[in-house]
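In the two assemblies presented below, chain A is common to both, partnered first by chain B and then by chain C.
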Partner chain A sequence: MSVLSANEVFLRYDSAPSMFKKVQLDDVVMHASLRVEAGKTLAIVGESGSGKTTLARSIMGLLKPRRGSIFFENENIYNVSPLFKKYIQSQMQMVFQDPLASLNPMMNVREILEEPLLTHRYLLKESERNQKVSDAVDKVGLTAADLQRYPHTFSGGQCQRIAIARAIILEPKILVCDEPVSALDVSVQAQILKLLLELQQQMGMALVFISHNLAVVKLMAHSVSVMYKGRILEQGDTDKIFSAPQHPYTRDLIAAVPVPMYPVVHNNKGRLPFDVGLQVVCTNGCIYLDRCRYRKNVCQLSQPPLEDCGANHKSACIFANKLL
Partner chain B sequence: MKDIPLSAPTSASASVSLWQLSLRRFIKKPSVMISIVVLGLLVFIAFFGVTISAYHFDDVFWDAITIGPSFEKGHFFGTDNNGRDLFLRVLMGARISILIGIFASAVSVFIGVSYGAIAGYFGGRVDGIMMRIVDILYAMPFIFFVILLMVFMGKSIYLIFFALGAVEWLTIARIVRGQALTIKQKDYITAARSIGVPPFTIIRRHIIPNLLGPVIVYMTMTIPQTIILESFLSFLGLGVQEPMTSLGVLISDGSQQLTEAPWLLLFPAGTLCIIVICLNILGEGLRDALFDQHLK
Partner chain C sequence: MESILNIQDLNVHFRTTNGQIQAVRRLNLFIPKNKITGVVGESGSGKTQTFLSLFGLSQASQVSGKAEFNGVDLLSLSKSELNKIRGRDISFVFQDPMSALNPYMNVGAQILETILAHQSLSKPQAVHLAEELLLSVKMNDPRAVMKKYPHQLSGGQQQRIIVAMAIVNEPKLIIADEPTTALDVSIQAEILELIQDIHKSHSTSIVLITHDLGVVAQLCDYVTVMYAGQIVEQSITSQFFSNLKHPYSQALMASVPKFDMNQDDLFPIPGQPPVLDHEIKGCPFAPRCPHVMAVCTVKEPSMISVAPNIMAACHLYPQGAS
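Coming up: the complex of A and B.
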């Protein structure tokens, strides 16, 4: 059963606020459909500006889709009673990219961790609340002495632990992680990822894991959605995406991962073609046309929809299964 | 040979908030310490000196009318042309001026912070309308506004608190609104919103504590400004009324007898200068202490 699904979501931001009119901007996410299974991890991969974070904000209920809908356990999260909306908010939590920026500098750790409890579990007695706070601190590997400290006295990794503690304190069903380790040292990254995996096993929550780091995605995710310029180009189980990618962009992404410890070979294979998207005016064709190494003339005709190309595997390329 | 501990004890400094850090930096400055001591002494004497004195501030000394400062007669600052002791009157005036400065600033900070934070946080149309209202009020002549208030509500010292506060909140609202606009972009606001914290709780718990720095600095700068404004109102006859006095009233009276009795101007004006200079030093010290907190 899926705890979360998005159905043909279109997202756009409003322009700078004006008193009298709204200037319409282009959609930044188009035709986005996802399913997150209970207790599983879905990764959203893509380069900067591909709309990953926008989609995550919409999933969290912060940005209403222009078209399409987002369901939490069969309830449209933008069309529910206020009471149920509150329940949904308690069941979906988010971890941000910049750990320090996601913690209020004026609040100490105890106040930060109490905030979700005060919002959603306000009937708890003080002793029960303290118990939950110390449990959460325990789970993420901090100590009770840290509760009185302020965010600026912690390192980045520790701040991310606090942010994770805040996210899990309500025992949510879904945890949305927006690039949770990309601002951290490599050595700390592994600890945080391990912590997330452990917590997922203990608490059985589903993860939506947003990242541009394919190695991390391979480690964490059960299924992957690859995004490019606001569209999902390929979707499927992690092993299939990595072993048999069916979209040229996914192939380029995988090939672009630098492999350490090997001498650098200077050839064009394994390099992402330079992004010339802004120069090529192509309104109808495939959005990956300008960088695609497999392109044919037919690609200029229309953007192929995301279609099945195998069991649990979708690709938005007309040459899916026929790529060499 | 004694062992030197390799690591400094961290537990003592670990749970220090940014406020406490700023406060430590603040009182470390000698100029700030001197200002605090001078201002503290002045406030202490102004509030307790008048009370314990054997005389009342409007007692008339018939044997000493318009005499200069003299220690033999016990009139340290001399007396005015009604034979009232200037020392007591300056203390009384300082008390009223400081009270007006503090209360009017408190009123303006309260209105300005709430108004600006709401406008900045909600943004969009709400912000547009609320800030246009501020623009319109800004355009209204201050004196006209005060006279209007006096006419409708009668002369009273509380009205001056209110009138001055009601004018000064406009600038604070603008500062706060600008701060709120930047703060609401921060991830911790997004985090609070996604948790489902209600908007007014977000404003109270996250926005306002994070923008208080500039507001406090501005407030220490507005207190002297308010004191001077009150002097101006009193000078026009709209402020504090006889026999009650304020530094502004004393200065305006004294300036009329500058040639015959210069002490009537010098002592009140000197006291006002000391208060204003001390508050300005405090304001600047606060600004330095609060805004280089990222430099450590």
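Coming up: the complex of A and C.
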């Protein structure tokens, strides 16, 4: 069963309001469709600027789609009563990239963890609230003594634990993690990944896991959506995406990850150089055209839609299943 | 083997409001000539400070030791003597290309500045050299690129400019400090390729500071692993990944997500790296080490040869056998 689905979502940011004109910018996310299954992990991968965070903001109810709709348990989250919207918000929580910046420096850990309860569970008695706070602290591996401390006295990994405790204290159905480990030290990253896996097992929540690190995604996710320049180019079960990718971009992305192994297996032969010189913007045709090593003339005609290329597997390439 | 840089007993201390931080402690390091040496460690392990302090670029309150580069001790040089070496014999590539470039100057002016500071060329000659250089780092249309300001270029293009500026005076040694950490993975692959090409064509010695073991595997001939301001393992890349000797290197490898592992194969390192505001007794990794013994908390292990081409500082290997 899916707890959340996005259907053909288009997103754009308007520029700052000006007295004379309203400048409209282009869509930063186009034709995005996702399904988050209960208790499972959906990963969104892509490079910076691919629109993965924008899509996550929209899922969280923070950015209204220009077109398309987002459903939380059969309710369109941008078309519900304020009271119901508040309920939805309590069921979807977020963990951000920079743990220290996402915690209020003026609040100690107890205040940080109490805040969601005071907003969404205001009928709780103080004793019940304290119980929930100490449970949450326990779950993320901090101690009761840490409750009186302020964020700046913790290391990055511990701050991320506090941010996770704050996110799970309302027992949400969905936890959106936006690059939760990329700001952390290598040896601490694995601690946080393990913690997220344990919490998911205990609490049965769905994870939306945004990352640019493909090795992390492979480890964490049940299904993967690969984004590039605002479009989802490939989508499917994690096994399929990694064992038989059906979009050239996914292949290039996987091949570009440096593998800690010697001798190095170079599987990126034939990759076209990109980011070289000044970029030529291709107006129509496939958005991956200028980098694609499989390109043919037909690719210049139009952007292929995301279409089935196998069970639970979609690709936006006209040569899907025919790539060598 | 000939060395390009030989560091002996380097100490780097910082004075902070919380007392003295010993960022680098009694470090000995040998950087071989014409090779790429990877220096791996987490943030705070001292990998960046080791190199910044040698070239007078660190804010440290105290730097002591010896560092022989090209027959001179870098730490005994005056500011003006260092200025002659920096940018000419030694150049740097930093992590964040946007903040390494001057936002008020166009790219061409910045490259020319580097050339004219160290070479006696006329301006047209320097411009010609700069254009050739941009082509060699695979920037097409160098004339147009030189008129651009840094913010008009992408992160990967900015880093290419930085690399171009680093090689313009044909240095003997390039220090690349996390050159690809701020870049996307596909751009990272390109910059790594570029660094490798430069190494091959100029046979420059390169120190590559990184936290990514994958980058080390791709590029480096030698690996040095740092932890808590000290070197814990030194190895040759061809053996490093199959024969990890120090428990920290082993734990680090097991904690990095890899394509061929599942969730049960991921082993986080428990705890945190130590805070270096006091003298550490014994081995700094002891509190997190799965093989910790009584001796580890008492006596500091010294670097010894544990296998051909591999040195490690760990009590698991009989000390004094070297």
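The rule is short, and it goes like this: the second predicted complex is superposed on the first by the 306 of 324 C-alpha atoms of A that agree within 3 Å, B and C clash if a C-alpha of one lies under 4 Å from a C-alpha of the other, contacts with A are read in each partner's own complex, and residues count from 1 in each chain.
Just so it is clear, a residue touches a chain if its C-beta (ideal position, glycine included) is under 8 Å from a C-beta of that chain, and two chains touch if they have at least 3 such contacts.
Since the model is a prediction, treat every value here as computed from it, not as a measurement.
Q: First (chain B), second (chain C), both or neither: which does A:N108 touch?
A: first
Q: Between chain B and chain C, whom does A:P82 touch in the aligned arrangement: first, second, both, or neither?
A: neither
Q: Looking at the overlay, does A:S90 come into contact with chain B only (first), chain C only (second), both, or neither?
A: After superposition on chain A, A:S90 lies in contact with chain B alone.
Q: Considering only touches as defined above, state whether A:V186 meets chain B (first), chain C (second), both or neither.
A: second
Q: Answer with first, second, both or neither: which of chain B and chain C does A:R166 touch in the superposed model?
A: first
Q: Would you sort A:A145 into first (chain B), second (chain C), both or neither based on which partner it touches?
A: After superposition on chain A, A:A145 lies in contact with chain B alone.
Q: Quick check on the superposed pair: does A:D98 touch chain B, chain C, both, or neither? Answer first, second, both or neither.
A: In the superposition, A:D98 contacts chain B only.
Q: Can you tell me which positions in chain A touch chain C when the two form their complex?
A: Its residues touching chain C are 47-48, 155, 157-158, 185-191, 193-194, 197, 212-216, 218-220, 242, 252-264, 268, 271, 273-279.
Q: Along chain B, where are the residues that touch chain A in the complex?
A: Listed in rising order, the residues are 11, 14-19, 123-125, 127-129, 186-188, 190-198, 201, 205-206, 209-210.
Q: Would you pull the chain C residues touching chain A in the complex into a rising list?
A: 42-43, 138-141, 144-145, 154, 156-157, 184-190, 192, 211-218, 237-238, 240-242, 251-253, 255-259, 261-263, 266-270, 272-273
Q: Give the list of chain A residues in touch with chain B in this complex.
A: Result: residues 17-19, 57, 60-62, 85-86, 89-90, 92-94, 96-98, 101-108, 115-116, 119-120, 145, 148-150, 152-153, 163, 166 of chain A touch chain B.
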